[in-house]
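In the two assemblies presented below, subunit A is common to both, partnered first by subunit B and then by subunit C.
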Partner chain A sequence: MITGSLLRRRSRMFVALLAVAVGATILSGLVTIYYDIPRQMGKEFRAYGANLIFVPSQNGSTISRIAVENASALIHGNMLGITPYRYESGKINEQPFMAAGTDMEGVKKTSPYWFVTGEWPTDDKSVLIGQKVADLIRLSTGSVFTFSGTDSAGTTFNRDYTVSGIVQTGGSEEEFIFMSIDELDNAMGTSNEIDVVECSVSAGEAELQNSADQINESVDGITARIVRRVAESEGTVLTKLQALVYLVTVVVLLLTMICVATTMMAVVIERRREIGLKKALGASNKSIIADFLGEGIFLGGCGGLLGSALGFAFAQAVSMNVFGRSISIQPLLIPITFVVSVAVTGIACMIPVKNAADVDPAIVLRGE
Partner chain B sequence: MFWRMVKGALFRQKGKMLMIAVTIALGASLATAMLNVMLDVGDKVNQELKTYGANINVVPKETALLDDLYGVGEAGAPIKYLKESELGNIKTIFWAFNIVDFAPYLETNARLKLSDNEIKLVGTWFNHHLDLPTGEALNTGAINMKNWWDVSGDWLSDDDAGYAMIGSLLAAQNNISVDDVVLIETPTRAKELTVKGIFNSGSDEDEQIYVTLATAQDLSGQAGVVNRVEVSALTTPDNELSRRAAQNPKSLSIKEWETWYCTAYVSAICYQISEVITDSVAKPIRQVAESEGEILNKTQLLMLLITILSLVGSALGISNLVTANVMERSREIGLLKAIGADNAPVSFLILTEIFITGIVGGVGGYFMGLGFAQIIGQSVFGAAINIKPMVIPLVAVLLSIVILVGSIPSIRLLLSLRPAEVLHGR
Partner chain C sequence: MNLLEIKDISKIYGSVAALQNVSLSVEQGEWLAIMGPSGSGKSTMMNIIGCMDKPTGGSVFLDGVDISKESAKNLTIMRRDKIGLIFQQFHLINYLTALENVMVAQYYHSLPDEKEALAALERVGLKDRAKHLPSQLSGGEQQRVCIARALINYPMLILADEPTGNLDETNEKIVLDILTQLHKEGSTIIVVTHDPEVADEAQRTVVLEHGRVARIVKGNNVKGADI
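Moving on to the complex of A and B:
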């Protein structure tokens, strides 16, 4: 009987199915986005650079590489980049400058906001220089300069470098000369002397604090500090964004559910004559309600399944467009969408069917 | 006669028409709320991003190259300053409205009596009241600019001459706690200050002492000057034009220059700030400026896509219902045709009815939508969403299209039926 009624009224049922499917699409699509926002946006916020730094603890003046490795193993969350810095002073043309030894590949990850005119250095003899250094001694990309300094044994060294790029940040980085840390180690004659390590970790503030506490407790020679400006603000903005999507989702869902319900009601109301006829032929109220409910649940189920698939496709499209990354599926959402669609359509059918079933068949059949 | 029929139809099927009106109202309110929120989300998120602190740094031209932090500053080189009296000018530039906050800093080296290490003493405004030449007034300073500081004790106020705030690392090294008195010595002067607060900022500020600007000027012997100013401004994400302008504003054509100058690009705001402060250079802090643009663009795109989804959803909901409503009136249409009505007046009659219902629902829905938008604005951002008049025509056009799309195919279908068959109930 259910299949018969569905097939007979194909176009009308298609309308109802479409309504349910759209509702379910919105439900599964928006909820998927809502759950994935912190992860996706969190990655975008890493453009602000390092949110955790290691500095030497009070009794030491530098950090050893082993300590850095031990410490980075203790970090929870997704480590996006880790960059060591070693600072040494030296002279170019008898003017004092600071050289920073670092790992260029790491810098690209922990400081994505650096604006480099020219190329990133690829070998030990090419360096990046800050804009202010470039202005002061009139260096441009491709020019060669001599950097002189005193190594750890007290002897003077002179080394030639080629400028491969000029870096602009608007901050104090513009006052440094950046070279590979191995090169600086060679020049100074000592290795294993790192001054600061910058880490960019994709994790919440509490998680960061946790990692920092653990490192401070169990790794000797390192004090881990959270860059509060970045970590705290990221937390604030992310919370607000998620709250925004949450509220929007709730409002959209409420309205869509009401829309689905009214459509279902309209579909059922126009079948009052059918109900009247059935009653006149001796059907009980119960069996009529069961019939319609079966139909509604079937529609809700189909729409729900269709909607979960469409919703996931939508969330995926949004994620690819906005963030350029694929979204993670919430497997739990499929049964939830299914149940909600069935419940909404079921309830939406129940109300008008019950009303119609309670009325005297003669009146319904007369068309009043 | 026509209007009597319309009126009749509207009142005879009160229940159904009410249902259509309610659905249209819901759809319209959804569209209104989403469009309003979407159009305003850029501004709101931009405001939130200001918690990252300043995105523009104003320093004197030809400032000493190396920070004395690293001990390699050129000793004896004359240090340049900015004039404190000119700071109010920042709020008079073309984009004054976009300047959220700013704070000046005067830095000087000092010595704590307890230890012999040299430390950095910074004077700033905390919550400074400023009367502008334009007649406006504003409060600005470090309390707003450094809102990520975790302060135990209290923030300073701008007349706390004998007080200081101390960075957490410095306090821990010297066992200083709130309400202690510390003796600060500079090469020329010495002063006793009471510690009012200890702050944790997670950066090298934790090894510094913050005092009011007046105290720092007094201790360093430099009256009426500051070293640098940090400005927090609302900006538009960079594009090709602003990048070219940032390299050299003079390379633009006059028209491009005007577009650039009159858009809130960070480079344009920097340019305008250096115009009003004598001998200054304003530079974007790329870490903040760049990332802000990125995040802003992403958020707006995200909201746009969500809005489109909800619009499609409500459009389908409405047109479904309208179709269902038209279809069930097959007997009425059959009757009208049987007694000799033409197709055109019949379609017109039905469309008029639905449009009247639609207008009632749409107007109701618009105001409901404004309510929803404000609920979202208040609970998420704690500020009202700006209502854009542009949303009204958008929603109106959208609703008309949806109603037409929902009703015309079904009307055509009904008109093609033979009256006798319809009336017979097939």
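Moving on to the complex of A and C:
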């Protein structure tokens, strides 16, 4: 009887269900985005460079590779890239320059903003040079030059390198010559020495600080520092963005509530005679309340389940359009959306249900 | 034994007296008609007897219970357990079938029983229309569903408000035949009507005027009486 009555009123039920489902879809979608924003925006922010660096602790001049491995194991969050740098001075055509030994694959991950004209080095004899270096000694891609210096034993060396690419960053990187860290070690006769390590981690500021504190406590020879400029601006933007999504979610919830309340009020007005009849037949106020609240909660539940599925699709579409990446599903959101939809519908039904309970059968059933 | 005992009731709406010092008693198994022009207090009387309203003065005893003093909750229980209502406009729920409309009364009384509801429809000659919606039934058929609904919980008192008011002559006769049959089976019936032919079927007719009992006509003499 109940199923039949719901099916025969399907157009009205569909409107009410649609109101709840649309609200639940936006709610579920926005909450999915709300929780995925740090991950999505974190990836966007990583384009601005490293947010955590390791430098030698006060009593050491360099960092060992084993210390770097130990420290990176303590980092919370998703490590997107880690790049060691070793700096030595040398000369080209008797002009002093700084050479930086690094891991080119790491640089691509920690400094995706580098603009390289030409190619990235593929062997130890190929190097990247900064734009200022290229301008100063008039080198271009494919040029061969000799880099000379004094190794750790005090012996002078001269090594020939080919310029595979020229780096433009707008920063101090344009004054360096970048080669593989192993090649620089060979030239200098050193090994296992790193001056600074840049890490790009997808994590919040608090998480980064926690990692840094843990590294500083547990790993000898390393001081981990957050790159405040990046981490703080990232934190500020994230907080503002999350607050905006939160606000929109609350507004959507309120609008859904108003929409459901209006629909249910229309249902009550439309069914005043039916309510009066039921009361005349002996329905108590409790039964009338249970009928309408039950209907509202049923709609809330169905709308909530529908909204959870559609909400993920909505969040996915938003994420693909805004961030260009897929969003990760939050399974916990399904029961949360269901419960919130039921609660919102239940609250929205309060006034209409009160009106239904107040119907006076003697008035609405009055004969003409 | 009196099933209904009305003692000196009044109903005042602001400065308007809908009923004034009305006294009346209805025996178990009696068929009473209430007649009167518009504004005479028929509907108010019907609402008070039907436990949907309370008088501002006087007492109404239904099956020994003074319903003029009962709470709204208890009046609902009285209505559910003791009264079967038949309306001029039928008041069927339009999205429920004839059978389901009868079962609604069971639902609020005890438990829906499809077999019993079908039997009630069979009693009013509508078993084959059980699965039809009200919109698929004629006015007479809708009124018969309304009667089946009123009977389903075996009420002590059947209260009919203009039961033939919206029906043609053929359907009026069918409905009156059903009421006559119910009366023969021992049901107590109170019919509010404008129609002297309907009132003629009753054992007694109470004529209300300006909220007072103007006269009581016994037997089927209403058509001849000047009402």
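Criterion: the second predicted complex is superposed on the first by the 326 of 368 C-alpha atoms of A that agree within 3 Å, B and C clash if a C-alpha of one lies under 4 Å from a C-alpha of the other, contacts with A are read in each partner's own complex, and residues count from 1 in each chain.
Just so we're on the same page, a residue touches a chain if its C-beta (ideal position, glycine included) is under 8 Å from a C-beta of that chain, and two chains touch if they have at least 3 such contacts.
Keep in mind the model is a prediction, meaning the values are calculated, not measured.
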Exercise. Is A:F97 contacted by the first partner subunit B, the second partner subunit C, both or neither?
Worked result: first
Exercise. Between subunit B (first) and subunit C (second), which, if any, makes contact with A:E274: first, second, both or neither?
Worked result: second
For this session: In the overlay, answer first, second, both or neither for which of subunit B and subunit C A:A283 touches.
Result: second
Problem set entry | Partner chain(s) touched by A:T169 [first = subunit B, second = subunit C, both, neither] | first
Problem set entry | Partner chain(s) touched by A:V339 [first = subunit B, second = subunit C, both, neither] | neither
Exercise. Regarding the shared-chain residue A:A362, is it in contact with subunit B (first), subunit C (second), both, or neither?
Worked result: second
For this session: For A:A206, decide between first (touching subunit B), second (touching subunit C), both and neither.
Result: neither
Exercise. For subunit A, which side has the bigger count of touched residues, subunit B or subunit C?
Worked result: B
For this session: Using the touch definition up top, name the residues of subunit B that touch subunit A in the complex.
Result: 16, 19, 22-23, 26-27, 29-30, 33-34, 37, 41, 45, 48-49, 51-53, 57, 65-67, 70-72, 74, 148-150, 173, 200-203, 283-291, 294-295, 298-299, 301-303, 305-306, 309-310, 312-314, 316-318, 320-321, 323-325, 327-328, 372, 375-376, 379-381
Seminar exercise, completed: Given the complex, residues on subunit A that touch subunit B span 12, 15-16, 18-19, 22-23, 25-26, 29-30, 33, 37, 41, 44-45, 47-49, 58, 87, 89, 96-98, 111, 113-115, 132-133, 136, 168-172, 175, 225-233, 236-237, 240-241, 243-245, 247-248, 251-252, 255-256, 258-260, 262-263, 265-267, 269-270, 314, 317-318, 321-323
Exercise. In the complex of these two chains, what residues of subunit C are touching subunit A?
Worked result: 43, 47, 50, 52-53, 73, 76-77, 79-81, 85, 87-89, 91, 93, 95-97, 100, 103-105, 107-109, 112, 133, 149, 161-162, 165
Problem set entry | subunit C contact footprint on subunit A (complex, rising order) | 1, 4-5, 8-9, 273-274, 276-285, 287, 360-362, 365-368
